[in-house]
Structures are given as structure tokens and as C-alpha cells.
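In what follows, chain A forms one complex with chain B and a second complex with chain C.
Now for the complex of A and B:
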């Protein structure tokens, strides 16, 4: 996992734009480029992603007739149903129509029962977003904590312990972590419930206690990757001449850390966070299945097995949109923290 | 280079572990003491002389199921890596030499593949396209191919810009000759590293799909499937998931060790790695500084 992360860090976070010189005209051009660059990367990602999603549905050869009418369907009934769902039109007409629907916020109707997919997804969103959101928060907090600790105590035993721990945990498959957490905390110690979800309206603790284990299981990968990237970034930032300069000028360690080191060393960790987000959404499929949560992931898996193409496409499109938006946010944060990054230097 | 890799103890350990896994994969179904699908009245039995790993909820022998599940778990992982290698590395090398249009399109496709939530797409593709192991392997292979694309592309870029290649071009060498003579040998080590990493990642993903019951039908024994059925009986057999987990982890660990060993033996560090002492120091330094597990690509998309 880390290998692909490290290799592709630059691909998404920083494209290459030739460095422009000084002057007012160049300045305007530079600002425009810094806005245009992320868009030029993410717009193709969105359109290609949605195109793959639609192509997948078309290639699958599934149809609402097979779902609703069964094997004994007459050809007329099948044709009528196909016409009702607009499946008798050419591929690109269907694609344009589907894309237009997406921009109006509609995902079409489920092939299984004709209910709009958006309603089917409505209450599942809470489950998935709770788990993925909490996992992201845990990932950011503990990832930064461990990364900073390891960098501060560089080459001491704390650093070794954290580095070893994160290396081991990043290799552990998520289902192994999930099963181990259930075996220890739910079955062994009986501290936390093993399965299920409780809405937050029934109280904070019941809601939170059902979320802790899945979120922790999902966040392991993010914690270890963020910690490792942050440690590397901070350690190399501490070696820079401007840090020595700041020390010589008598700045306190705190000011050096927040003003010089953290700001310059946080780049790789932020990029990896942007890359980990798809993994968080993807890992949710597994985690939801282990912890018996009915979220997007299990919905997508069930719909895909039964062949309910619009439902699967809806989940895929939502995940693409979330990934693109999250990466744009990471990009903006990156550019604000490290202004040189927006110049593509 | 292979000789240098074999000098490293970690590579030898990895190869021994992989030989063990390969043995299980090839001969596992023959070695199984019982029929992996045979139900008996002895369900959820503890490990004993008759059933070394105990029995599962239907009274099936767990050792037999693990051995019988090895080919489907390990062999499909190897095929996944093979598909990813072909689909990723060849366009990656070509993207440097082909037209700008091909380069732009392939880069955008790779960006998209990286941004897609991996497991959701793997599940959706496999299940929609027919829910078989072949579909699962193609889906996962396609989705992990960007790693090979990027690695092959960045290695090719660094060679293509080097002076000896420029000299060869000036001397009238064709693109095909340059790729065969100069590019290939420079691109191979990073691709070997990626291949070892992908084999580890691939097993985890394939097991995840099997865990979810995607791509396999219930009675078929697979490592992921065994874990999924163990999960329901944790209160009775909390130790049961350990057996398939241990095998998966040993395999993943072996591939990661191998990837690290190849990385140490290849390129600059490989040259300084003639003596065993140098090797030891190198490993220690790398362990201490193990932030990036691969050298970040130098190319800018």
C-alpha cells in the first residue's frame, strides 16, 4: 500500500507547470495556473471515473428484466421494461442522459424495486460517513501525534518503537485488524459491542461505542502511513539550514517547530492523507461487513451481486465525488501551508 | 544482481518462506488429510491429533480446507500481479516514447485509477461482471496496474534523459534498440520491487474479496472465506482465525522482505553492498529511515 502511495504522491498533489519568472503579467498567470492546475487534474479524474462507472454497468450485461421478471419473462415484457429504463437507446445517448441526471442530483431508480436510489442511500450515508469520518479523525490525530513524537525523539527508543509499530501495522490486512479487535475487545474483554449501529438520537455513548472498533480498524493504515510520512518530512526539515539559522538567532524550540519545521515538513503527510482517503472509503466495504453495519459498502456489494446496476453506480459516483473533493481540500491546505508548492516547484 | 540479492539474509529467509507457500500451493490439495467439503458431526472441535487445526462450524477439517484453499488464494494473487505488470509496465515505458496524446491520456487514466476507492471498485467490477475468480483477478489486476505504470515510466524517463542514450540516438540507434539495450536493464529492478510489493498487496486484496464472498461460491475453500466463517464463531473458537491469518501474513511478509532485499541490492546501494558488513549497515540505516518504501518518482505528470 505504501509503495503505491509513495510513488503517486507527486502525481496527484503536484503536477508540473513550468516555473514562471517575475513581473506583473507573470504573477497573474501564476495565480491562474495555481487555480487551473488542480482543476485540470481533477476534472479528467471525475469524467473518466464516471465514464468507467457507466461503462462497467454497460459491460456487465445485466438488465432490470433479469432482476424483476425472472427467467419466464416474455420478450415483449423484457423489451417494455428496457424501454421504461431507457436501455434500448445507443450507449452514448444513455451515458449523456445519465451524466445529465447526475448533475441534477439524481441517481435514477433501482432496478430491483424501482425506488429512487437516492432514498435507498439516504440512511446508509449516516452509517458510512460516521465510520469513515471517525476513522479519518483518528488517522489524522494519531498519525500526527506518532509522527511528531518519532521525529522529536529521532533515533531514540520511542522513535524505534513507533517506526517498528507503524511498519507492522501498515502490513496487517484490515480484516485481520477487525477480527483481532472484535476477539479482544468485544468477545474477550466485553468492553464494546461487536456488531451493529445505533443512531446518535439514542444517545452519544451507544452511538459512539458501536463506532469505535470499526473506526479504529479502518484507521490503522492511515495512522501508520501519516505517521511515517510526517516523521520523514519533519526529520528532513530539521536538517535544513534555516532551522540551524533560527537556533543560532535564539528562537525557542516551540517556535522553530511550529513556524519552520512543521510547516515545511508536513507536505508528504498531507499528500498521503489525500491518497489514503480512497482507501478509507474502500476499506469501509470490508469493515462494514465485519462489524455488521449496513452502510454504502455492504449496499454496493449486495447490489453488485444481485445486478442492480444503478445502485452500484450511485455508490461509485458518490465515492469518486468524495475523493475528488477531499483531494481538492488537501491541495488547498497544501498550497496555503507551503506556498512554493502552488508554483509547482 | 540476483547474486547480490541472495547474499542478503533477509532475502534468503523470504525465499524459504515463499518456497514453503509455493509447496502448499502446488501440493496442498493432495496433502489434505480429509475432504475439505465433507461435513461431520464433530463441529467446532478443538485442535487434536486427528484434526490438527480443529474443525469448523460444519465439522469440516480446517487444515484440509486451508491446504485445499491455497491454490485459489496464492495462484490468483500471482496472476493478479502478472496482469498488473503487463497492463501497467508496457504503457508506462511506451508513454515516454509514444505520442504526446497517448502520454496525456494514459496519465489521466492512471490518475483516475489511483483516485478510485480501490476495494469498492474491485467488488463492484467482480460482482457485476459475473462474480467469478477470473473477473476478480482482472479487476484487481487493472486497479493495481498504476503502480507499475508509474514505476516503469519514471525509470524510463531517467534513462531517456541520460547522456549515453542521447549519444546512442546521435549515433543513429532506433527507439526499439534503445529500449532493448538501455531502458530494459534500468527498468527491471524497480519493476521487480513493485512486483514483490504487488504480490503482497494482491494477496491481501484477493483474500479481502474472498472474505466478502465476492468471486467465490460458499463451499469452495479459500483463506479469506475461512476467516469469514470463523468470524461468526469467535466466542466458541477465538483462536480459529489465527491459522489462515498466519499464512496470509507469512506470505505478505515474505514478499515485503523480498522487495526490501531487491531494493537494497539494486542500483547505487547495491554497488556499495559487496561485503556483508556493508549490507548489514545498509539494512540498519534503511530500517531507521523507513519512511518511503519506494523512492519517490522523479517525474512530474
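Now for the complex of A and C:
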């Protein structure tokens, strides 16, 4: 009798416990998940990406001997060079060795001159990332500005002007824009330097002034696409009932825009931004050659032409890491802003 | 719970006088002359099929008519303010604090990306200048007042995680957060199943009794109107066909259309089968006739 009463009391008590402890445990789990999920995506993509990068290098049939020895290549000399670069070992041993080097921050030595690839890339990466980064910043700022303006003045002349302008600019190739910008701002007005790069150590303005024109030329496409996607997203968000709901609750137009419309309308623009970053890195090749920048893009192109496999692999690995990381950031931002449309990053 | 008993009514909170609503784009008058007076604690019902202009009338009262549609004649007086003379900023000030509304499909009237508790809390914070903690406490009290079980848990949910009845309660909580004088319930119970509908109607009636809230109840369902309202307007194609005390219109409809609405309700409603046991055999005969 007493035993059964005790059991039933305990049963009720345990039934009530999950309610009280649920909140904190749930939160910890969510935070852990939000960290673990992106990593669980990054790791396999990184390994697959690097594996195929290395496989392509091995399949290309290039060898350092072709680059260094030229006509003087005797079978003995070729074998000696292959051994020096470790190319006489089995494929998977080479891959494991190369991967091990990657984790120590080394990309091996260039086949062209034996200099470590990391050294060759270091300065050039700074040039390219400065240009691509600035282009991205310009793309985000002006893309959002134009997109918001067009949506706020939907169907009015400002909207029409922005829509037409972005459509025109989005179809202009960056090298045409680049040449036009040089002609106007460097040659015509003499406001900005036409070519070259100055390290930031020599002062902010010299560095910045050399970056403006290439970054602007590279950013046009991003500005247009972000602006157009944002405009569409905001206009359709403004038609939603929750905007009426917020108005009925007495919230002001600014609060409704920043707190409710922007948050739900920003999705497509964010997705486009995720796609644009690889395009900015890729587009750098043309822009760098027009503006005389010795960057990452021209380095990749030269290395590919000469057959300097370790250099090409290094460029690819860096691109993979940058693109995957950037996309993860975009997806995490997307999930935080619009949890109901969670993408399961 | 019948709340048709009129009781001592307070001062006038909302007065519509021959309000017409016009679509400027199609050059078409959508609502032709609606008049009614709403007193503190009073309930006015508007009945009619979809497209009859009942929702547009409510939108006009909220100052939220769609683009190109405007009040072209008559006057709307809300707590002594002439609605036509109000600036957008003054409207923002009045909405929520003096007049508010709940609608059909409550899920769509809440932001899908923000937890529901935060959306109610936002109203208290912005409009009443409360701190986060104060507003959170106020929101939980409101959730309690609209009979949401486990307010703490509901507070953390997103709209897509709640049922229709719970969402309507959340929407009502957000609408009454600032203790408005007038609440518009535009088909607020239409999408809900019958038991939940009855609970929501009870909730509205008890809010009215407790706080002196004046209600405008819009519905195509006569039962809803009969349960809550003192006065009813029957609308069709933008015109008011009949207007008067609920009792008079339900028992002695003057207009053909009102009679039709009531007849249809009797024909298809459950009352027919419950009121007289003799109704069932009759039905069988009818079925035989059709066969």
C-alpha cells in the first residue's frame, strides 16, 4: 500500500522534471549544433576538394623535368629530379605527404624554380584578397543601398532608374568596365593611379587609391545582382500579412522595415552573395592583368600554362577553403535571420 | 455564454457616418455608405459574404486601406479624432494603443522569423517604453490572460510551431497588449475548428466584460455574430442591406438577403437536427424525393 503510493508519487515527480530542466539543456544543444553542423560540412568538402585537386595534378602528366631541364634532359637527370620532388613514390603516399604539408601551412616547392610555393603566393594573395575584399565590401554596401532604395520607391522613377541601371551594368564584362574606368578616372581626370599596387605599409591612401579602380570594376556585377535580388525580396516581403500585423500593433515604418521586412526579404540577396564570392576570386584574373597587379589570378594562370602543378594546387586549395568558409558564413547568417526556412547547414 | 445583454454602455469610441470607399485605379465605388456607432463595451457585428466590403470597412477604420483605395465620402471618428485628418505618424500612434485588430489566418500576421513572445514583447517595449525584462513579464501575463497553457514555452516558439488556436490567442495577446479601446475581429474564428472557435469567442466576450473593450466582429457566420453582438449590419456588394439590434434581425429579418442568410443557416446548421426530433424523418422523405 505505502510502497505503491511512493511509486506513484515518484512517477508524477519524474513526469514533471523535464519541464524545468528543458530550457538550458535545449539552448546548449542548439549552440553546439550550430557549431558542429558547419564543421561537419566543411571537413568532407575540404577532403574531397583537396583529393581531387591532387588527383588532377597527378593526372596532368606534367613533371618538373619538363620545366627545369629542357633540352638537357637525360633519363638519369629526369629520374634524379623526380626523386628530389618525391614523384617516384606511390600516388597515395605522395597525397598523404602533401596533405601533411598542407596542415603545416606548406604547399611544397615550385617546379619552376624550387622556391616554396607559400613564399611565391604570400604577397600575391595579399594583392588579390585586397581587391576581392574591397569589391565585396562595395558590392554589399551599394547593392544593399540600391536594393533598399528601389524597394522603398517601388514602381516610382527611382526604382525604374535603379532597375535599368543594374541590368545594364550586370551585363558589362569587368574588363570593359575596367578599361572605361582607367580611361575616365586615371587618364582623363587623373584622380587615381591606372595600374600597380602599393603595400599598405607605405601608407593607407597609396594602398587604397591603387585598389579603388580594380575593386570597382570587379564589384559591378555583385552590386547589380545583390541590388536586384534585395529589391525583389523586399517588395515581396512588404506584401506579406505580417507587415499589416505589425502596422496594426502600432509599429512605425522604420521599425517594420528593419525588424520585420529586411529580415525576411534578405534571403535571396544573401544567397547571391554566397555565389558571388567565388566569382570575385575568379574574375580577378582579368582585372589583375588590366590593372597590372601581380596577384593570385595571374599567378594561377601563369602556373597553369607552364605546368607548375604545386602552384596550381596551392591556388585551388586556397580557393576551396575561402569559398567553403564564405558560403558557410552566408548560410549561418541566413539561418539566424530566417530560422523557419532553415537550410540545415 | 450569451453577451447580447446590453448593460450600461459607455461613451462613443468610434462613429462611422455614411462612409464610402472608392478604388481610384478601377474608378469603382466598393463600399456605399456605412454608418454605425460603437460605444465603450459595445459590440457591432458585420455580416456578409466575401467581397461584400466588410473587411475594407475595417481596413478604413484602421487607416490601412490598400494603395489606390481610399475613403471618398463620409466621416470616421475614432475617439474624437477625424480619421481623414490624421497623419501617418498619428495613425501609428493610435494603432495598437487605441484601435487594434485580429484576422483570419493568424499565422500569416505574425513574422515567421521571430519567436512569438518576442513579437508581443516588441510592442510593449516600443510603444510603452518598457525594459526588456518588464516587457517579457508583461507578455507572459498577457499569454496567461488569453489562456495559453505554459506561457514560458509558447514565448520561445516560432509561429510555424504553434496551432491555429494558439496563434489566434497570441495574436489577440499582441492586439490587447496596449489596452486599446476598439478591437476589430475580422473573421478571427473562421479558420478554427468549432471548439476552438467557441473558446476564442468566450475569450473576446470576457475581455469585453473585464476591460470595457469595444468590439467590431466581422464574420460570414451568423452564429458568431449572434453570440457576441448587440448590433448587426448585413452587407452585400458594398451596401448595408439591413442594420439593427441582433435580436430583431435574427428573428424578424426585413430584407430578402438577411432572410436568405438565416434560412441557409437553418438549413445547413446543426440546430435543425437538435431542435426537433421530427426533423430527421422529414429529411429522409426529402432524400427519397430527390432520388
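Keep in mind that, in the parts below, the second predicted complex is superposed on the first by the 296 of 345 C-alpha atoms of A that agree within 3 Å, B and C clash if a C-alpha of one lies under 4 Å from a C-alpha of the other, contacts with A are read in each partner's own complex, and residues count from 1 in each chain.
Note that in this section a residue touches a chain if its C-beta (ideal position, glycine included) is under 8 Å from a C-beta of that chain, and two chains touch if they have at least 3 such contacts.
As the structure is a prediction and not an experimental result, all values here were calculated from the model.
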item	value
Partner with the higher number of touched chain A residues, chain C or chain B	B
Chain B versus chain C as contact partner of A:173, first or second or both or neither	first
Chain B versus chain C as contact partner of A:189, first or second or both or neither	neither
First (chain B), second (chain C), both or neither touched by A:316	first
Chain B versus chain C as contact partner of A:263, first or second or both or neither	second
Touching partner for A:202 - first (chain B), second (chain C), both, neither	neither
Chain A-touching residues of chain B, taken from the complex the two chains share	108-112, 114-131, 144, 146-147, 150-151, 154, 193-194, 197, 200-201, 204, 207-208, 211-212, 214, 224, 227, 230-231, 234-235, 238, 241, 245, 248-249, 252-253, 256, 259, 287-297, 299-301
Residue ranges of chain C in contact with chain A within the complex	62, 64, 88-89, 92-97, 100-101, 103, 105, 108-114, 122-123, 126-127, 152, 156, 158-160, 171, 174-175, 177-178
Residues of chain A touching chain B in the complex	1-4, 6-12, 14-16, 41, 44-45, 48-49, 52, 56-57, 59-60, 62, 155, 160, 163, 167, 171-176, 179-180, 182-183, 187-188, 194, 228-229, 231-233, 235, 268, 275, 278-279, 281-286, 289-290, 296-297, 300-301, 304-305, 307, 309, 312, 315-316, 319-320, 323-324, 327, 344
Chain C-touching residues of chain A, taken from the complex the two chains share	23, 240-242, 244-253, 255, 259-260, 263-264, 337-340
